[in-house]
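Okay, got some structures for you below.
Here come two complexes built around subunit A, the first alongside subunit B, the second alongside subunit C.
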Partner chain A sequence: MDWQSILSLSVQQAFGPTAVIYCLAAIGLNVHFGYTGLLNFGQAGFMAVAGYSVASIVSTWNMSFWLGILVGLLLTVVLALILGVPTLRLRADYLAIVTIAAAEIIRQTVGSVTLVDYFGGQDGLTGFIDSFRNLNPYSGSVGIPGVTAWSSYDFWVMTVGWVMVALSCVVVWLLMRSPWGRVLKSIREDEDAVRSLGKNVYSYKMQSLVIGGLFGALAGFATALRSAAIGPSFFATDITFFAYTVLLIGGAARVLGPVVGSVIFWFLLSFLGLFFDQATRGSDPLIPDWIMSPTEASLIRFIFLGLGLMLLMIFRPQGIFGDRRELALDAR
Partner chain B sequence: MHAFPKRVAAFVALVSTAWVMLGGAAVATTSPPAQEGAAECALPQGSDDDTISILGRICDRRDTPQSPVEGVGITVEDSGGAAIGEATSGADGTFEVKLPGTAVENLGKTYVVKVDEDSLPDGTSLDDLERDIAINLDNDVSITFPIGEAPGSDTGTAVQGLQLLIGGIVFSVLLAMAALGLSMIFGTTGLTNFAHGELITFGAIIAYAVDQLPGAIRIGGLNLTVVIALFVAFLVSGAFGWVNDQALWRPLRRRGTGVIAMMIVSIGLSIFLRNLYQFFSGASSHNYSQYSAVQPWEIGPILITPKEVIVTVVGVVVLVAVTLLLQYTRLGKATRAVADNPALASSTGINVERVINLVWIGGAALAGLSGALLGVTQGFDYQIGFKILLLVFAAVVLGGLGTIWGAIVGAFIVGIFIEVSTLLVPPELKFVGALVVLIIVLLIRPQGLLGKAQRVG
Partner chain C sequence: MPADTRPASATNSSDRADAGAAQQGLADVAHQPGAAKPDPILVADHVVRNFGGLTAVDVAHVEVQRGVITALIGPNGAGKTTFFNLLTGFDRPDSGEWSFNGRSLDKMPAYKVARMGMIRTFQLTKVLSKLTVIENMRVGAVGQKGESLLSAMFRPLWRSQERSNTEKADALLERFLLIKKREDFAGSLSGGQRKLLEVARALMADPELVMLDEPMAGVNPALKQSLLGHVKSLRDEGRTVLFVEHDMDMVRDISDWVIVMAQGKVVAEGPPDAVMQDQRVIDAYLGAHHDSELTFEDEQRIIAEAEAELARREEKK
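And now, the complex of A and B:
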């Protein structure tokens, strides 16, 4: 058992590009779910729209990377409007089902053979990151000596990513302490009361859906940049569920909840993965082969994840930083 | 009118799957989620050493079950265009081309896999005859070769529509059972259960476990192994529903946990169970010992397999029985009363907790049976329930969340729409079509087809 490498790799994951992605996605969900009480289960769809916009604008249509970012943001707003119009007047669970369905529609459409010329089918798209990579100021591997290190490109993605996270947190903090943010929170607490005060609840919910979706778009860009490739499997339904777990670990309706949640989530997930991997490998594994093989061991972390999400929601729905009174959510 | 069938054939037709499998240290950790369609044409196993090869299997997906295609020539070239090796698919459709060097040495290289068009069966041709494969250590790489226009499939649109309609009805019956369970649970408890897909998978796994017991179960000379397995799956799933309710949901209701919190708990349960299933049953898909390959009956121009008939008959009988129970028995009336208004039902002396518990048993038993029957028709893997969960949701929402008749009506609309729509849209997008319809219906009639209109905002 090589504890040092397990810890080192776990720290690498905890602050790595993947943690950035989930952090941004969870910030979006925080606006939706934490502050407004909207159950968006289709954050993966927002991410897919943004990620595929960049990838296809550059690789398929040979246009500028920055135009791709712009188109991605615009399309995300359009998606939020399309989803919001039919569902925001309905009960919370309708939005959940429609958003999860929309995310799957987007994923299956971009992965289809019919549109393979534009989106690359199941194989996805590659070769769209040149203008981003050329800005990379780092070379060699960068990291904390003696603890862990990242490749120069990963570290460049992380730098940009964590700066985006910091900016997003400032934006969320400013928004939520404004009168506008207080209306959102009161919609979460009692929609009818807000309506009786003459506020247009529908419009506020729509604005929240758009803004949270834009944070999801940032996560989508980060997904495309992290792997320098994009494919339909990057945006599976489980991505949204993991982002919810991230949000709930840190604490919903807290500005820094998603950041803390993401770091902890990825540390634990990698730690469990690496631990069980090492425990089942080698000639004399710690856990004998008849109990579990290395392939089976890779599933243990997800079993723990599911169990963890259940226990978290039952016993500590406010997560680490949250306020329990703020999460007394119920269907309306 | 003959344009449509040709276009359909273009996508359903022959699809061969070539996988790059890596030996030694490079074992895939998680299988890619997009394996739909590979159900009856499983891949060959990779060797467990440090060598690397391109493995694959050529299957004709026009047949149900998919049949292997023998004698198709495959050539592998490196990125420079030099030939690395060639192979011909054997009687089981598999082929293997060894790559030079170890797995690690090949990391990051790209190979081109070409299919020899002349060696394909008559009347078929591929859209793409070559695809690039990039080697990586994380995943097996799966490549599909969709086929081009298949000449000779000039059956009329009407016949094809009828054939698809039958397929749609078979699927609808299964969907209706699962949807009824979900809708009953929602109606009585308000819980949108995201772990319902795992109840479906549970049934399929239990039936498989019984099926795999040594020996066959014979009654009066008839081999009834799978029939008994279905019955056991129905009962054990019901018990599983009871456990679900007693161990998790009932304590949560007692604590006064909100509906949204319970919804998120059900997501956790879904992730937990799905990975547990994969832990025990593996990522590959399984078939039952009986009914996996049978000759279809020809009724006029329509083809129907005996297993489809059996599945439909069993499904319809169960559905009718359940709806009659709900409509006429005291318990059924009590269930509907609880679904309508739990507080009022309670005040008239109905034991609400007992009704909810029974609904969980019934709902899980229905879901499990539908999963087991689904396994009979197309085989199953650990995420079969999760894959159709959205369609179950679509059916329930379309009919009206919480209404019993709505779930059945919705399931038939969704199930038939999915199959028949393939006349117009590529089959790979048929689920997309159903989900788009769901969103459109919500725009026009938010409460669903049979739901009660209520002001919600």
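And now, the complex of A and C:
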């Protein structure tokens, strides 16, 4: 059992590009669900629109990478409006249904054979990151000596990514301490009360949907850049639910909840994966073969993660940063 | 100090005179459904709302006098709350016209109705549980600069307004005896305190017309007295109050005018004492035959009819 390497690789994952992606996606969900009470189950859809915008603008239409970013942000706003216009006047669960369906529609569309010339079908697109890679100031491998290291490109994605996360957190913090944020939180508590006080609830929900979607767009860009490729499988439904997990671990409606949640989530997920991998490997494994084979070991981490989530919900349902007093109110 | 935050006892004489004049104006009003008032703030005409086959509200004409306390009473299912929802834009009538201060409210969304100065509360109190009491109050203020997305991130743009709103909120909390709960979550308040908070929050918007939906429901007797005082103080500072209530003591005690609804229609109007004596009102509440004794013959007849009915149904099967 090589604890050194298990821990090192887990830390690598905990702060790596993937953690950045889920953190950004969860920040968006925090605005939607944590602050406004909107159940967006299609964050992956927002990510896909943004990611595919960059990828296809550059590799299909041979235009500027930065134009791709701009188009991505713009289309995300459009998507939020399209989803919001019919559903935000209805009860909260309609938005959930529509967003989860929309995310799948987007994924199936970009992966379709008909549009293979534009979006590359199931294989996706590659070769769109040159402008971004050329800006990379690092070389070789970068990291914390004696703990872990990342490739220079990964570290470049992480640098930009965590800066984005920091900026996003500042924006969320500034917004949520303002009267604007107070209206959002009030809508989460009781829409009709807010309406009776002269606020246009529909407009506020739309603003929240757009802003949260834009954070999702940042996550989409990060997804495209991390792998230097993009494909429909990158935006499956489980992405959204992992992002929700991240949000709940950290604590909903807390500015830093998604950040801490994402780091913990990815640390645990890779730690469990590596641990069971090593524990079942070799001639005399720690866990004998008749209990668990190496193939089973790669999946067992999700079972443990689910168990962990259950324990979290039972013993600390408010998440790491949450306030227990708030939850006690629901019991009344 | 802003006008709305002074305690009732400190109201100046001109306001008093106004309220008095408004009350006196009602003296000449006929005691019948749809009577015209000298200075109506709210007028509704032919407002009809159907739920499937049921006509919940069918109000031909009703006016609410400015500057007085008007009670809307009626037995359960009379359509009082539905009528309230229609007036405040929370529900749409199938037909009808209604106006506030002469401006039509037809097809106007609830938030715009509120902005015009017509703020309502709810039968089941709607406090914002996970916000503190003071935050609940701040939400109530209208025209906040910091509520627009563009200025929200820049505190200097809304700081001074926020400060004055907070002062106003504190004064209201003081008046409604909630100041000790200032930093508590609104969800931790008792039922009565929630009612108080809801009324106080409504006042943050300086409404001309306050619409209270069963303000006394679930409030303990001690708090009831203070709530009564608060409702009266609203009138004393020149606001109009329209409230739905089942508690007849409250209706008798504080209302200047009573509108009675039954089965969706306005069946009677008048000052509280006159209305309580009104045969139509007694009939609506207790049924037309409530004071005639059920004789043995009547009973036999009813049983016979019921049995005949049952027998007929059996045959049909």
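To be clear about the criterion, the second predicted complex is superposed on the first by the 318 of 332 C-alpha atoms of A that agree within 3 Å, B and C clash if a C-alpha of one lies under 4 Å from a C-alpha of the other, contacts with A are read in each partner's own complex, and residues count from 1 in each chain.
Just so it is clear, a contact is a pair of C-beta atoms (placed from the backbone, for glycine too) under 8 Å apart; a residue touches a chain by one contact, two chains touch by 3 or more.
None of the values given here were measured: they were computed from a predicted structure.
Legend: residue contacts after superposition of the two complexes on their common chain; A:101 is shown touching subunit B, with no touch to subunit C.
Applying the stated contact rule after C-alpha superposition, one finds that A:135 touches neither subunit B nor subunit C. With both structures placed on the common chain, the touch criterion links A:201 to subunit B and to subunit C.
Look at A:238: by the touch rule set out above, it reaches subunit B but stays clear of subunit C.
When the two complexes are overlaid on their common chain A, residue A:90 makes contact with subunit B while staying clear of subunit C. When the two structures are aligned on the shared chain, A:307 is found in touch with subunit B, with no touch to subunit C. For subunit A, the partner with contacts to more residues, out of subunit B and subunit C, is B.
The interface of subunit A with subunit B overlaps its interface with subunit C at residues 201, 329-330, 332. Residues of subunit B that touch subunit A in their complex: 11, 27-30, 32-34, 142-144, 146, 190, 192, 248, 252, 255, 257-261, 263-265, 267-276, 278-279, 390, 393-394, 397, 401, 426, 428-429, 431-432, 435-436, 438-439, 442-443, 446, 456-457. By the touch rule above, subunit C contacts subunit A in their complex via residues 88, 90, 109-112, 114-115, 119-122, 126-131, 135, 138-140, 142, 144-149, 152-153, 155, 158, 162, 185, 187-188, 201-202, 204-205. The touching residues of subunit A, counted against subunit C in their complex, run 171, 174-175, 177-183, 185-186, 188-190, 192-201, 207, 211, 325-326, 329-330, 332.
Note for the complex: subunit A touches subunit B at residues 39, 85-94, 96-98, 100-102, 104-105, 108-109, 111-114, 122-123, 191, 201-202, 232-233, 236, 238, 241, 244-245, 248, 292, 294-296, 298-300, 302-303, 305-314, 317, 327-332.
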